[in-house]
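Consider the two complexes below, in which chain A is the common component and chain B and chain C are the respective partners.
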Partner chain A sequence: MATLQTRATARIMMSPAIILLFLWMIVPLVMTLYFSFLRYNLLMPGTEEYVGFLNYQYFLTDPAFFTALGNTLLLVGGTLLITVIGGILLAIVLDQPFWGQGIVRLLVIAPFFVMPTVSALVWKNMLMHPVNGLFAWIARSFGFQPVDWFAQVPLLSIVLIVAWQWLPFATLILLTALQSLDGEQIEAAEMDGAGPLSRFIYLVLPHLARAITVVILIETIFLLSVFAEILVTTNGGPGLQTTNIAYLIYSQALLQFDVGGASAGGIVAVILANIVAVFLIRLIGKNLER
Partner chain B sequence: MARAVTTRRKLVFTILGWSIGFLIFFPILWTFLTSFKTEGAAVATPPQFLLFDWTLENYHEVQSRSDYGKHVMNSIVISVGSTLLGLVLAIPAAWAMAFSPTKRTKDILMWMLSTKMMPSVGVLVPLYLIFRDWGLLDSRLGLVAVLTMINLPIIVWMLYTYFKEIPGEILEAARMDGASLMKEIVYVLTPMAIPGIASTMLLNIILAWNEAFWTLNLTAANAAPLTAFIASYSSPEGLFWAKLSAASTMAIAPILIMGWFSQKQLVRGLTLGAVK
Partner chain C sequence: MGSITLEKVSKSFGTTSVIPEIDLEINDGEFVVFVGPSGCGKSTLLRMIAGLEDLSGGRIIIDGKDMSSEAPAKRGLSMVFQSYALYPHMSVYQNIAFPLKMDGQEKSAIDKKVRDAAHILNLTNYLDRRPGQLSGGQRQRVAIGRAIVRQPKAFLFDEPLSNLDAALRGNMRLEISDLHHQLKTTMIYVTHDQVEAMTMADKIVVLNAGRIEQVGSPLELYKKPKNVFVAGFIGSPRMNLIEGAAAEKHKASTLGVRPEHVQISKTEGAWKGTVGVTEHLGSDTFIHVQTEGVGKITVRTDGDFATKHGQSVFLTPDPSRLHLFDASGQAI
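For the complex of A and B:
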């Protein structure tokens, strides 16, 4: 009896969170799906009609989609490359004993707490500005022509800003994983004559594999929908050079008011994200069993 | 036996570590320094590092803009409000999952997490339309609701992993002594769970404070939090670096300090317990 009652109570306690979350997920998703089959533009009210897969056809054959998809992949891939490799190196350095370790750790994780709009504007104006920016001054001091970051390499500029924001995350998680590495194992390998490089490849890297996977998957989920950094620096330009899928859909919905087209794009984005999500859910699910 | 650490080795890593730390922190330091410069000194070439006329003028000016205080209040209301609302919903749910688990508990947790994977942009259109029709655009209430739902899965997950670590026998003992469910929660569970709840709260305030998709898309002037206020400095002609820096410094300082305090729980929270 008691357990039955407990179980009923448990169900009541869980239901508000579950019901709200279910509604939050399913209602907009069904609406997006529904809109994606309509011709629906906010500037032309009253002309909504069912058009089948036409929106998908337009969205998926639009050259802008491929540009945006390519940019999204470059943005995610580039940022992952910098943050994972940089994160491993930084974690190894921070794992060594040195004076002021705690303070350096605080300095390194700081960018993670800076809001995206601030970091984007500070980098764009104060660091990357082609005339008054700090990078331009450094380049000139060494006798080089300053790089006009957002005109010459706009996507790379965004990658650098986003990588700066996510490097602390990768470092912190890899450092935590590194600290659980058995010191005696390393010592034994050292005694057997393993050099630093082979110790890294055969001991450290396999130990970090799990943490690296977690970093890659979590970052991918967030990086697929980078938005604020693009909005405040380039507005997706010049041309479409910094437009990713998220920004493309945003501009279709809220700048061109094409609800149908944007909805089809939204569904495509959901499908892309789900491919990544399947891997992450499995990984974390495995961990739950242990 | 720990490995012998030579002083030389330690010195090398001290220099290396501090150089890296300085480089990564530099943009924040630079923002901080620039916030005390005049607009002229802020754009000066060569850049002035410490030897400039320090002034508080920017802070005065940013604050005297009547709307600045409003944006700060919006940020506080939205981040704290959505976190508290999330906790109210999540604490009972996580409690039930941790202490009366059923076969389906794991599936429910996984499902909750999967809602987090949905890209915001996939539901931007309907949400925007619902907000427009219900008059929630540019309202704090609307943003509190959205951010609550966005962070709810993380809150439930974090609380669940913390609650899991509380020994169930203690609760049983309390139950034997005739404590009612309410008493059990208020007097037994809550005190033991406070550290977990506190770090969950901290991390979620940080996440909500910095959230920059919905805050940018669903607000205009009235309910705009600091993320959106700072974004208004992006107009190409409005290069007021010193004022941008002062506003930025004030926007990130409280969260940076909170983040530093909660750094130990951060890894666990951000990886949902996958890395401890």
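For the complex of A and C:
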């Protein structure tokens, strides 16, 4: 795109797609913003009126909001911890040459293709069910009392399900990063007298730093809005124990029919996500510069 | 401190044999160069000595001890890789200090050794930089620095200069030779460049398809090549190898004569020919002559010899410096 004319042509050619994308984003955002300043309850149609920041005041002073915020952070943090550490270990295992490597790699990636609702149902009914579940059967066959996952450790159960879905993604990204590590560097370290653990700490981990930041960034974006797994398994309960921000907004809008309050919650979630994004971009910027 | 003996060392990958069987003696303090065309097994041989490749057979003895199955770090050797293999996220200081740190040495001792090495290699001003911020030659020196701080029994160089430009290569050649005189440590150097081999080596090992063709000092190899392969490989420009009637006159199947041992004249000589391409280097001129009956002959003459393309010239080989080879390629 060297000349003035080709640049102008390029702009004209690109504009339909860009305009469409822009509308796609800006229309819902503006409408949400608009609704968040209205008293808008589906049970009382026709009574919509401007109420200023009242919706925000209700949403932010609701004790459920802080519980949901804490749950969201625990859910994101716990899942990141499991997927990053598990992903590194799995990537190292899959990087070793062994028989049937291709099939094993394919199988490891498979959970990523299962829909969130389906995987949550499978976990709920086939694995974590206190009577029929596989875990309960294992516990009973060793003579232990089975764990009632969704009653006793509901948030941990959700974290495990979500982590299972995102582990393949982390493994895949980290595996490709691992494969780009220069073999001669490892050999040089071997000659320098570095054992397997030292090689991991001083060579592999710094090499993976970039890939790890990418995994953290992308996963955080998606994990902030986990919803299907919660709806299918616990419905946010018991009590508020598994309610995250996304689920709280859903319950405001479609269980309490308060569209105005839910819209205010949505805007709050957007602001929170942007705060997280600022931190992440800084972290990434530091890691990507070198 | 630093003699290496290879006994019947062999290597095969699956059913393909890369190195059939090699015996070689490397004395303490020697600068040995493995030279050969690409794919001749010279790098594999070096990696076997380093311990990065397993032996398929035979023994490697370092300082009288059988090290054939020891881990690379236990052999007391240092290696400089073709890609330098510096650790990209560490500074130059950390790179050079890494082997000492892995050895568990004290901080003050490490600091002294790193600074000494940096001083020898002119890297003192670059200790805080990362490898990505250095030029090719500086990276090369860091790799050498990382090798010398361990005070190894021997250095292994795997084509260390092939990523540098021609001028820098000449400089580094001198620096490595200098380093060898300073440290007096055994060095094994792998290259495909026969100029590097000739200028640096105490002893050259010419390899071809995994076999040793000849071992000897640079001048020995130049003056008395054992066979056609060594004759053609050592020396630049290549030796002229002539087959047919001209060779049969000397009762040989191949007659070899180096370009610098052919007299060129415009009036008289043994072989008549026409001038093809002429390469002027200033100090020398290489003239490629198409002769009648003897084929293409390269002649090296002084820089002032003026010729034109297509001109008739006469060539006379120096009779005392002819190399004769029999039908199997061995020297007579």
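Just a few scattered comments:
Note that in this section the second predicted complex is superposed on the first by the 266 of 290 C-alpha atoms of A that agree within 3 Å, B and C clash if a C-alpha of one lies under 4 Å from a C-alpha of the other, contacts with A are read in each partner's own complex, and residues count from 1 in each chain.
Criterion: contacts are C-beta pairs under 8 Å (C-beta built on N, C-alpha and C of every residue); 3 or more make two chains touch, one makes a residue touch a chain.
All values derive from a computational prediction rather than experimental measurement.
After superposition onto chain A, the modelled positions of chain B and chain C are compatible, with room for both.
In the superposition on chain A, contact is made by A:Ser198 with chain C only, not with chain B.
With both complexes placed on chain A, chain A has more residues touched by B than by the other of chain B and chain C. Applying the stated contact rule after C-alpha superposition, one finds that A:Ile92 touches neither chain B nor chain C. Of the two partner chains placed by the overlay, only chain C lies in contact with A:Pro206; chain B stays clear of it.
When the two complexes are overlaid on their common chain A, residue A:Ala139 makes contact with neither chain B nor chain C.
In the superposition on chain A, contact of A:Val51 is made with neither chain B nor chain C. By the touch criterion defined above, A:Glu187 lies against chain B and chain C together after alignment on the C-alpha atoms of chain A.
An angle of 80 degrees, to the nearest 10, separates chain B from chain C at the C-alpha centre of chain A in the overlay. Shared-chain residue A:Val259: touches chain B; no touch with chain C. Applying the stated contact rule after C-alpha superposition, one finds that A:Ser119 touches chain B and leaves chain C untouched. Of all C-alpha pairs linking chain B and chain C after the chain A fit, the shortest spans 5 Å. The residues of chain A shared by its contacts with chain B and with chain C are 187.
Interface of chain C with chain A (complex): residues 50-52, 71-73, 77-79, 81-83, 85-87, 89-90, 98-99, 102-103, 130, 132, 146, 150.
If you check the complex, the residues on chain B that touch chain A are 1-3, 5, 9-11, 13-14, 16-18, 20-22, 24-25, 27-28, 30-31, 34, 42-47, 89-90, 92-93, 95-97, 99-100, 102, 106, 108-110, 112-130, 149, 152-153, 156, 181, 206, 209-210, 212-213, 216-217, 226-228, 230-231, 233-234, 239, 241, 244-245, 248, 251-252, 255-256, 258-260, 263, 266-267, 270-276. For chain A in complex with chain B, the residues that touch the partner chain are 6-7, 9-11, 13-14, 16-18, 20-21, 24-25, 27-29, 31-32, 35, 90, 93-94, 96-101, 103-119, 121-123, 125-127, 131-132, 134, 137, 141, 164, 167-169, 172-173, 176-177, 183, 187, 210-211, 214, 218, 221, 224-225, 227-228, 231-233, 245-246, 249-250, 253-254, 259, 262-263, 265-267, 269-270, 272-274, 276-277, 280-281, 283-285, 287-288. Here chain A touches chain C in the complex through residues 182, 184-185, 187-195, 198, 202-203, 206-207, 209, 290, going by the rule given at the top.
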